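Since the structure comes first, as structure tokens, the remarks are kept for the end.
Going by the order they are written in, the chains are A, B, C and D; count residues from 1 in each one.
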Amino acid sequence: MSANPDVVMGVEVENPVMPYLRQDRLPHIWCPGCGIGTTVNCFARALTECGLDLDQTAIVSGIGCTGRVAGYLDLDSFHTTHGRAIPFATGLKVGNPDLKVVVYSGDGDLTAIGGNHFVHAARRNMDLLCICVNNFTYGMTGGQCTPTSPVGAKQTTMPYGNFEHPFNLPHLADACGAVYVARWTVYHVKQLTRAMKEGLNKKGFAFIEVLSPCPTLYSRRNRLGDGVDQVKYYKERSKINNDVDTKDLSLEFQGDITVGKFVDRERETWLDAMNNRFTSVIGDKYEPYGVTNGEK
Amino acid sequence: MTDNAPKKKEKKAKGTVFVRKEICKGCSYCIDFCPPRCLDFSPDFNAKGYHYPILSPPEGCTGCGLCGLYCPDFAIYGVKFKDVEKLKQDAADAA
Amino acid sequence: MAKNEIRIGGLGGQGVILSGIIIGKAASIYDGKHATLIQAFGPEARGSSCSAQVTVDDDPIGYPYVKKPDILVVMSRDAFTQFVPNLKPGGMLLYEEELVDPTDLPKGVKKFGIPATRYAEELGRKLVLNIVMVGFFAGVTGLLSPKAVEKAVLASVPRGTEDLNLRAFKKGFEHGQRSVGV
Amino acid sequence: MKADPKGVLTGIHFIDGDQAACEGALAAGCRFAAGYPITPSTEVVERFAGRVPLVGGVFIQLEDELASSIAIQGAAWAGKKVMTVTSGPGLSLMMEHVGFAAFTETPCVFVDVQRGGPSTGLPTAPAQADMMQVRWGSHGDYPMIALSPNSPQECFDLMIEAFNLAEEYRVPVFFMMDEVVGHMIERVEIPEASEIEVTERKWTDKKGKDYLPYEADESLVPAMTKAGDGHRIHITGLTHDERGYPVMNASTQDKLLKRLLGKIEINRDKLVDIREDGVEGADVVVVSFGITSRVAGAAVEMARANGVKVGHLRMIITWPFPSKRIKELAQTVKAFIVPELNMGQMVIEVERAVVSDAEVISIPHAGGTVHEPEVILEKIMEAAR
């Protein structure tokens, strides 16, 4: 960090994101115009607002560009293996139910190699906030097709344009049982911040998809300009609709984008379901797991 | 950084920004999404060859801080003078 | 006592493995001997052939398999056909007499039959056939103390079925003692 | 530290190796297990799922072995003692996280109830054919320890040791059972909790940022923390410095890898656990492990009855391999005989230790059952001639 603090009117001030970062690791590795850092700003603001004890908040990432988020946030952070952030987080959460556990990873990590874990964590209603930064591509490996790449988008492994049908992630999460489902873009910083705050305070599997530019690979290969051009596209073509059926949230190449909070419901979490089941079957001999007496 | 320090005689500015130009990557998010459109590229390069943002015109800044929320590189943030006054007051009260 | 190798065979669902467990438990927990049980079963849960190999010895047991049993206990025709060729000459055959026709036995084998299924039905539950067989085994072979086997039965059957199983054990045990003329 | 009585099922039992392994884990303090069903290992977690709610822990059946093998590591960083249980095909899927555990120094136990392979192979029949996979199967060089029980009693006793070693060295520990040991039923004595020694995790006493998660003393094993203790640690599978930060250069890699492998290397003599029976002055020594040691024992007895001077060296801990002792014996022994339920894996290690000082005779077996003792006997007789 800069040796000299920022001073205004004789008062020292600081970038509000800084207390949440491992400042000795900056600058980060993300490319100019990449939106991942923007989502981190929103997440830091959400951490400020949600009122959680940050010593009891852990972040788990998989592999890839977004997978590096864990390394920059000054929380207990785990940079795990490719696709396995969710099962690691599951172990962490179940191992210590007092923790708030956030999974923060990319579209390739969470929905291709980690797709099976994603659907099962949502099905179980594992108490995790899962943030998926969706830039439609594998950035760290050089711009290959992912399960969210829109039809027609060029990728190194789809040189003639992608012909595979992509996932509609909010629909997938909804169908699998997620209790909170939202989609925003990095243009929607305020709404995203609010969604992250809501997600942090939500009990159960909460899922937030964030569309974010990959200027170096996705935008360049598809002649979409810089990162900021892509954010301008998000601005122009996004429509907020909280009431839409999640099955209608498919994304087309550079088409209209529906954003909003689509699902917000209550459902028994995995841990509550386990405790309730064991209590009803085993009775008094069962001491509910992960319930701190008096403290929670 | 001192380039951007508030100048009290410009009364119209309600806030200001601080830029850590050495970690800026010149993406222009802050410039393009600044609500009062009061940021622009500096004609100068930073060490990595990027043009970083400067207030232009400074008196337009409201200190809304949206630049800081957008900046993917944690290189800029805004402060409202009103908030700084309050900080000052709180510090004085505490003392 | 020298090493005794026992093979118990029958159909899945007859309680073959459990009868082996009871014999092993009686030997190793209540009679102060050593016992090893190896179970073999097919991929089907019911109706396939099923067998347990039990080795009982005063000394610790190394090689755990039973290749040429001293005692063969069979509860089904298939098990008899499958296992009788390996029965040790001069060994002992214990069989369910209404299901198995014990012909072509190896030399010197002493055979003892029991209508175990019928006894079990008379006791009210066909399921206790295996316990009748265990009782029969104890009565005929004298390998284990009846008290130990009785304890092992009680420790192995579901709660609430102790009486029934004890009666099944006694039924088999008495038949066994009669068979050897005790 | 003594075992928590809650997890210890004190008494005399007639149970199989799978069940005994589960009881060993509970006695050792394991309070989190994750797994995916696979024959012939599932009985371990089936019992665990029934027992652990009464002991104050959790079992979670996950969607696959990849998930299971990393979920346990999440739980380890939440402070739990953990295990996952599988068999060959599942172990293949877990290999990625063996490396993660080794590199992030996450104490965990992988139970492998070995069956015939490759691929789906013989699900209900034994093999010892994963011995090299656990040693070398995850990419990169990594430290690990493997134990090979040969009876239900050992499934209990050695499982406690497996957990203790995982905690002491912060390495993945493999519990190399096989189908026969898993399904074999014998008497198992579970002592009082007060008689069971368990190793507590080496927790740091440093606070906040004073704590560096990968700073080790001369033991080479760093003190650990858990999420939620205020250290704000970063744990990564990338090459990292003492802070846990990724540092991708050759010197950091060199330093880290040497320390990780050193944890086992400097303790090799202490770790080696072998049982010797008549090896001094023997002409022939049979080297065995796991279920094969019981078969080999029978063959050795028969050979002695035939007047052959034959010894038996059984490895309880198979990795690290007891090279030093075998090298020593090679100076006097004419031949080593290595029966194993694979086509020749651990025999390679024996050959590496013996070099050309003695003859090394492999008795491979494709698995599906165990050796006939007579086959081993025949090789002993041949070698003694």
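Methods note: a residue touches a chain if its C-beta (ideal position, glycine included) is under 8 Å from a C-beta of that chain, and two chains touch if they have at least 3 such contacts.
Treat the numbers as computed from the prediction; the structure is a model and nothing was measured.
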{"item": "Cα-centroid distance, chain C relative to chain D, in whole angstrom", "value": "36"}
{"item": "Whole-Å gap separating chain A and chain C, where each centre is the average of the chain's CA atoms", "value": "61"}
{"item": "Separation of mean Cα positions, chain B and chain A [Å, integer]", "value": "28"}
{"item": "Numbers and ranges of chain B residues touching at least 2 other chains", "value": "none"}
{"item": "Touch-based graph of the chains, sorted into line, ring, star, complete or other", "value": "line"}
{"item": "Touch relationships between chains, expressed as pairs", "value": "A-B, A-D, C-D"}
{"item": "Residue ranges of chain B in contact with chain A within the complex", "value": "1, 5-6, 16, 18, 20, 22-23, 25-29, 32-33, 50, 65-66, 68-74, 76-77, 79, 81, 84-85, 87-88, 91"}
{"item": "Complex contacts: residues of chain A adjacent to chain B", "value": "2, 4, 6-11, 13, 15-18, 21, 26-28, 30-38, 40-42, 45, 186-187, 189-190, 193, 215, 226-228, 231-232"}
{"item": "In the complex, chain C residues that touch chain D", "value": "20-21, 24-25, 28-29, 34-39, 41, 43, 61-65"}
{"item": "Chain D to chain A touching residues, read off their complex", "value": "32, 34, 53-54, 56-58, 60, 62-64, 66-68, 70-80, 82, 96-97, 100, 226-238, 245-246"}
{"item": "In the complex with chain C, residue positions of chain D that touch it", "value": "12-14, 16, 124, 180, 183-187, 291, 294-295, 297-298, 301, 370, 373"}
